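Okay, got some structures for you below.
The following pair of complexes shares a single chain, chain A, combined with chain B in the former and chain C in the latter.
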Partner chain A sequence: MSITAETAKAHAHDPAVLCCRAEGGITIEPANLEDPAIFDDLVDSGLLNLDGCLTIEEVLGAKLAKTCDSLCPLTADVVEGAKAPSVPAKEAPAEEAPAPAEVPAAPAMAPAPAAGGMLRIHIGEGKDIDLQIPVGALGAGGAEVAAVPVAGAAAPAAAAAPAEEVKEEKVVRTLTRKHFKITEVKRGPETKIEGTTLTIREGIEAEVIADQELVKDFHLEIITPDLYHTYSETIMDVQPIATKEGEDDIGCGVTRVLDGVVMMLTGVDEGGVQIGEFGSSEGYLDENIMWGRPGCPDKGEIFIKGNIVVQEKTNMERRGPMAAHTAFDIITQEIREVIKKLDDSLVAETQELKQVRRPGKKKVVIVKEIMGQGAMHDNFILPVEPVGVLGARANVDLGNVPVCVSPLEVLDGCIHALTCIGPASKEMSRHYWREPLVLEALHDEEIDLCGVVFVGSPQINAEKFYVSKRVGHTVEMMDADGAFVTTEGFGNNHIDFASHIEQIGMRGIPVVGMSYCAVQGALVVGNKYMQYMVDNNKSESGIENEVLGCNTLCPEDAVRALAMLKTAMAGEAVKAAERKWNPNVKSTNVELIEAAYDRKIELEKNEQSLPMSQKRKEKYD
Partner chain B sequence: MNDERLKYGGKIIYMEGVIVAVDDCSISIDLKGRLGFFKAPKRMFICDTEPKVGQEVGFNMSFPEQLGPEINEKYVSNIEKERRKQDEMRKRLDNKEV
Partner chain C sequence: MGNVQMLLRQHVGAPCTAVVKAGDEVKKGTLIAVPAGLGANIFSSVYGKVAEVTDDRIIIEPSDEQPDEFVPIDVPEDASKLDMVKAAGIVGMGGAGFPTGVKLNINLKETPMGELDPEINPELPADFKLEHGYILINAAECEPGLEHNIRQLEEQCDKVIRGVKYSMEITNADKAIFAIKKKNQKAVKILHEALKNEADISMHLLPDIYPMGEERAVVRECLGVNLTTMQLPSAARCVVVNLETAAKIAEAVDEKKPCITKNLTVRGKINGGNQAHVFMDVPVGVSVGELIERAGGIDGVYGEVIMGGAFTGKSTELDAPITKTTGGILVTIEFPDLHGASVGLLVCACGGSEERMREIAEKMNGKVVSVCRCKQAIENKPGAPLKCLRPGNCPGQVKNNMQFKKDKCEYIIIGNCSDCSNTVMASGPKMGLKVFHQTDHVMRTVGHALYRTLKVSKQVSQDIDF
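Right, the complex of A and B next:
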């Protein structure tokens, strides 16, 4: 298929190949050339050899020396009067997008335009003719990587910036976290905290069971570091234990939090079937938890682990996991009541989080897509207590529409995650409490983080597009200069993930997309706005490795995404990623950022640092 | 990467199936032609309208291929633990009902 002058310009430094048969003596125009987006497939399948091929820029306007067939690479011996190549404008500190954003078809399904590479349709006479041609076969593949809309958007923003540069930073609100250290957790006659010892009332289990009709049994375990090598059912959630002081709302005022201890929820139904979807992290805790991920426990912490048994066959129904989370909160709430009464002398550390607006700087919004397909693909939004249940609304009940929150609300536990997606890419409640992208963006003095938008991912496509259009309008009315779109897990949520990016991108706002992709989570759809992608993968082989939290968004991903968005907002080019997942792209980007910002980026460990479980040894590595 | 371990991985076949059960987080599919059954998370299922029993679905797949003769004891023990637990819990459930 021939290309337009615009495409030819965008691909000036890509190989020039004839799209159809051309007679000797013609002047080569964009219309004679094939779209370079399809070359990878053709080279892979051996149909095309680009050795010695001139670039599009060199051949445009030159004369074709002899008649050539379609898909003929234009080399020096068939072109007369080729121009000298200019220096490719790729010298800028450009990052590469690691996710194969615009490859909708599996690489194995290479298009087969073998017979001369020509699609010839002749219709003499007829009506109501429907022609269906696989997009991949024509090579369009949705792969129009045009830098035009981005450059257009970035330019006015850049022009506007200097005039407003003088404005001062404004602290909108602050959130104080008072940390209380806990070194021992035990059972006793009443729930209390003495010094650094937390005691949980014996017999509290009965109240958990009585609270919800669906909860049939409950066991509480206290897992200290020496018990990490304990067998556990699949982990449904990891939550911080925190409470608000007085009448303070989530996201402002004072929050009290216990350090050194986390709540961990596991569950099965009466028939012994795991609550949870399919991927599971059951097994020995120390082999199945990626320590230190934002959503996971840190090594050395004590887990208050509750195993809930829900009514038979409700494990796959929405009410089952909801009941489990609600009942488990009874224990957390009792601890919260105790924390509220603690004396300030026990505060080990005070931390102040400021929501800073930086007028005049590039305005950036974070859109976080959360699961909303139903059942455990759900989240409680904005409870009264951090990561609580009371007062919260499930995003499925809200219709998955965008909900705008302040960055401090995110860090103060405004999301109680019910998501039971694959354990490696699951964002647990604790993840939001320590959300790395929000923290990084909030502290970055070069940008103005205006807020966070949560949007659910519904099951059916019609609803997906309904919510993503709302996202587009929400971001539009913010007058944002740049946006992040992140998602957890993979699957049909990538459809709305792509749609959110499109909706924001088509308004001329550069968007950086963040998701676990790599090998198994490869995107199923793409569009031309998906040029800036950051892959959250950490696993060695790029797969869902059943290790809790392994492939979730980490500080290193946040740094890369921020650097990429700044590059995009400045109108600089970001190189397209290779077609197949290549982990080296990420390491090159990290090196580039380290050099440009003169800072060392600590890379997170992956599953290779855990004691090797037999399961992983034999199956994956 | 594990796909290199497949001998016949390149053979992709178009298949159809019928939705036989839907719950809040999964769909179950009978493959047409009595070729088997599978259950998958809803989030891995792409649909324009609400999935319902009796709807037909299509997908590309290949044949599952054994990666090697070794038995992974870890998985065996997990399955065994799971089975024992389910037996126990089932007994308790039966007793309660009596």
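Right, the complex of A and C next:
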């Protein structure tokens, strides 16, 4: 369909194709041109070949040399007086997850950035050199230039920059983590820690079973690295073993944590049905865990693995998973009590996490969508102990409304996750303990992370919009300059994910969205504010491959999201997503960021690094 | 001659109110119905007796003798020309049927230029103004296969020009332009000759594409101004009249003759061949069947009978009466049988309504699974007939084709203009869509090229170079 002058402007760098037959001699106007939004389909079906096609900005106002038919790409030989292209948009960072086709392509708001924009001034020999560079000239230099860390900038350049009011960093509060090393876990008559050996009381299983009516059976296994090739039911959660010192609240004071060992909850119902939805990770542990993901165990760690059997058919009811988590915490709590009494001489390492505010820098908020549809799609928020149960309120019971927390509360286990659909994309309890976006944003000296908002994803659409509107107002009153919206899983929750972005975006605040999308999780809805998307996919074929944690948010995603948000906040253009998932977009973005920040981004491994499981072989690879 | 049926609504506006009753004797020119709201007087077109007055029509039993004399319109000695036009019950004879007395009731000298939409007038400066007031004479006769307009211009050029001059006088227009397709070489030459000494009346030659006779297309071609779908020609300081209407204006002023006859073309699957049968001055109210008989009668099995043109006409019955706006009666060949295949409809302002297109799909035994509308087809008010934003200039159609493909259409039926049909053809067949045009059965019947790809230019030189 023909386009308007406005659309032509937004698509200035897209190919110019006649929408209809046009006669030689006419002056080319927007009304002569087809909407670039549909070109991918046409190219795919072989109706269109864009080789050598000029861009819209080049042909507008030029003369058509000869009569051409509908869908004719305007190449140099049929256009007289084409303009020179302004700047190639090729190397602008690109959005990674395409929104559905109904959504008009993201309008570019600013002149496209210059390619990899680098201002290079080499002066071999000289004196009394007076360089004057208009700030605007640099402004067109693209996201990468704008995002170069201040610390890395040369002194003379800093002098030329507009005087920005430099305010002191402010440490709001600190959180100290005392690490205790564990190298052996065994069973014994009482729960205790001696040196680096953790002993768990024999017979504690009976108390776990007795604690909850719905828990019908329970077995505890100690999985050491030599036992990784053990069959397991689906992994419901992975949790750090940590406790607060004294009366300290979550998110401040001192937390004691065991290194080298994690709690792992697995389970089925009495009928043998896995406690999971849309895939489960049962199988040999070493074939189904993506080692080192923020939410997963690291290779070499010991798992205290409890397998719970809940009452038949309660696996997909709320009470089933809740009972499993609550009962399992009996063991963790007994260990916590032991940790509290440990002598400080056993502390292997002390780490101080600071919540820093940076007044004068762009204020950024992280909105994390967590599951709240019920069954295992729930989260216990703000327990008394890190990733505990006691004292927490279930997200579903809170009505899924936004809850504001400090970054340190996130990192101190304020979310006990009952987790979500899809083993590969769910954020387990340990994920929050090591949340990469929070860590990256907290340490980024160019921004001011003001806080984290958790918002649940309700089952019903009306409730989804109820909570997303709250998110909009919450962010509005923060006077944020930018926001991240992250989610776990895919599908149903993308409806509210999109709505959160819309609610924030419509208030004029740029939003970077982060989700697993790729192929299987492609967005089902979209809106015009979804211009900056980062895809958390790591899997080779872009799918939910049932490998635990494979497609969750990792440091490499956090780095890309931050670069994209800074680009957006600087008013630079981000190229619209390609219509189909293309993993090259991500690698190009990574290269751009590496070049601009002069830092190496370690890319995570994916399921291809694991031994091939029978399930993967049959279902996926 | 069979009974004559005078419909009470044969114009834009409300139905008229009958002022005769059963048993009344009527003559040619006897006033039989008057407007109740927007409308125009209706006169008996024959000598005879009123047989019946129903809700929607007056049925007259004609006498055997039908002298040429008529009852002149009842106006005072000093009546203005506009009053005469009003009294004569003239409506737009090109098909629209807007009461001419209302249309001409404008002083073009005092009419300011309307505000032009820059989006559709990119080439005009923001302060563009037309210096003159214009009467534009629609002589495009754009519906393919019809010939009565051009025939009238060839045979009654003087009368038409007189009507134009009266229209200029009534509206205070200082210029007039005839819009005529260049392909009508004989008529162009006659008109050219007749306008030799008319300094204020000129001619604009149109290319042979559809639609050129759309009112706003005429304005654009003659004056270079694109009107929005809501704007009237007065926004371009002009009034558009069909040439047959102009002739009727001349008759009303010169002869005090009421509007009781119509020129029309009968054509199609008719005994003796598919050439046009032009009938001049047919009494309004005569049946379709009677006119087909006059032309030779239907030749065997046929598809449908259309009243009006192939694009904008509607299917009709043999006993239906013609009105002041009937321009064509077309008898078509049989429809192809699609055997229940899935069909998509591309509805636009230039062709039939969605209802008409569905009727055609049904007659072709197709199952409608998808309906798209041309992007430029604007519905000014809910339910109002569609109007094209830029008549004859395509906005692109590939998106609709993609939708048809998505909806799994095997065939599509389009009602588009020449330019849009061309665009549909640029992608449709390549996507595997089999394309029919709503006018195909008519074009095949009359031996006209089908509306598919466009092979002629939308520009013609204004030189009389033939």
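The definition used in the following text is that the second predicted complex is superposed on the first by the 474 of 621 C-alpha atoms of A that agree within 3 Å, B and C clash if a C-alpha of one lies under 4 Å from a C-alpha of the other, contacts with A are read in each partner's own complex, and residues count from 1 in each chain.
Simple rule for what comes next: a residue touches a chain if its C-beta (ideal position, glycine included) is under 8 Å from a C-beta of that chain, and two chains touch if they have at least 3 such contacts.
Small disclaimer: the values here were computed from a predicted structure and weren't measured.
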Problem set entry | chain C versus chain B, contacts on chain A by residue | B
Exercise. Touching A:D69, do we find chain B (first), chain C (second), both, or neither?
Worked result: second
For this session: Examine A:V524 and indicate which partner it touches, taking first as chain B and second as chain C; both and neither are also allowed.
Result: first
Problem set entry | Contacts of A:L603 with chain B and chain C, given as first, second, both or neither | neither
For this session: Mind working out whether A:I495 is in touch with chain B, chain C, both or neither, as first, second, both or neither?
Result: first
For this session: Check the residue A:A348 against both partner chains and state whether it touches chain B (first), chain C (second), both, or neither.
Result: neither
Exercise. Which of the residues in chain A end up touching chain C in this complex?
Worked result: 1-2, 4-5, 19-21, 23, 27, 29, 31, 34-35, 38, 41-42, 45-47, 67, 69-71
Problem set entry | Residue numbers on chain A that touch chain B, as the complex places them | 106, 108-109, 231, 268, 270-273, 277-278, 282-283, 309, 312, 316-318, 371, 373-377, 420-421, 457, 459-462, 489, 491-493, 495, 519, 524, 541-543, 613-615, 618-620
For this session: Using the touch rule from the top, collect the residues of chain C that touch chain A in their complex.
Result: 119-120, 122-123, 375, 390, 393-399, 402, 419-420, 422-423, 426-427, 430-431, 454, 457-459
Problem set entry | Residue ranges of chain B in contact with chain A within the complex | 1-2, 9-10, 12, 23-26, 39-51, 60, 70, 72-75, 78, 81-82, 85-90, 92-93
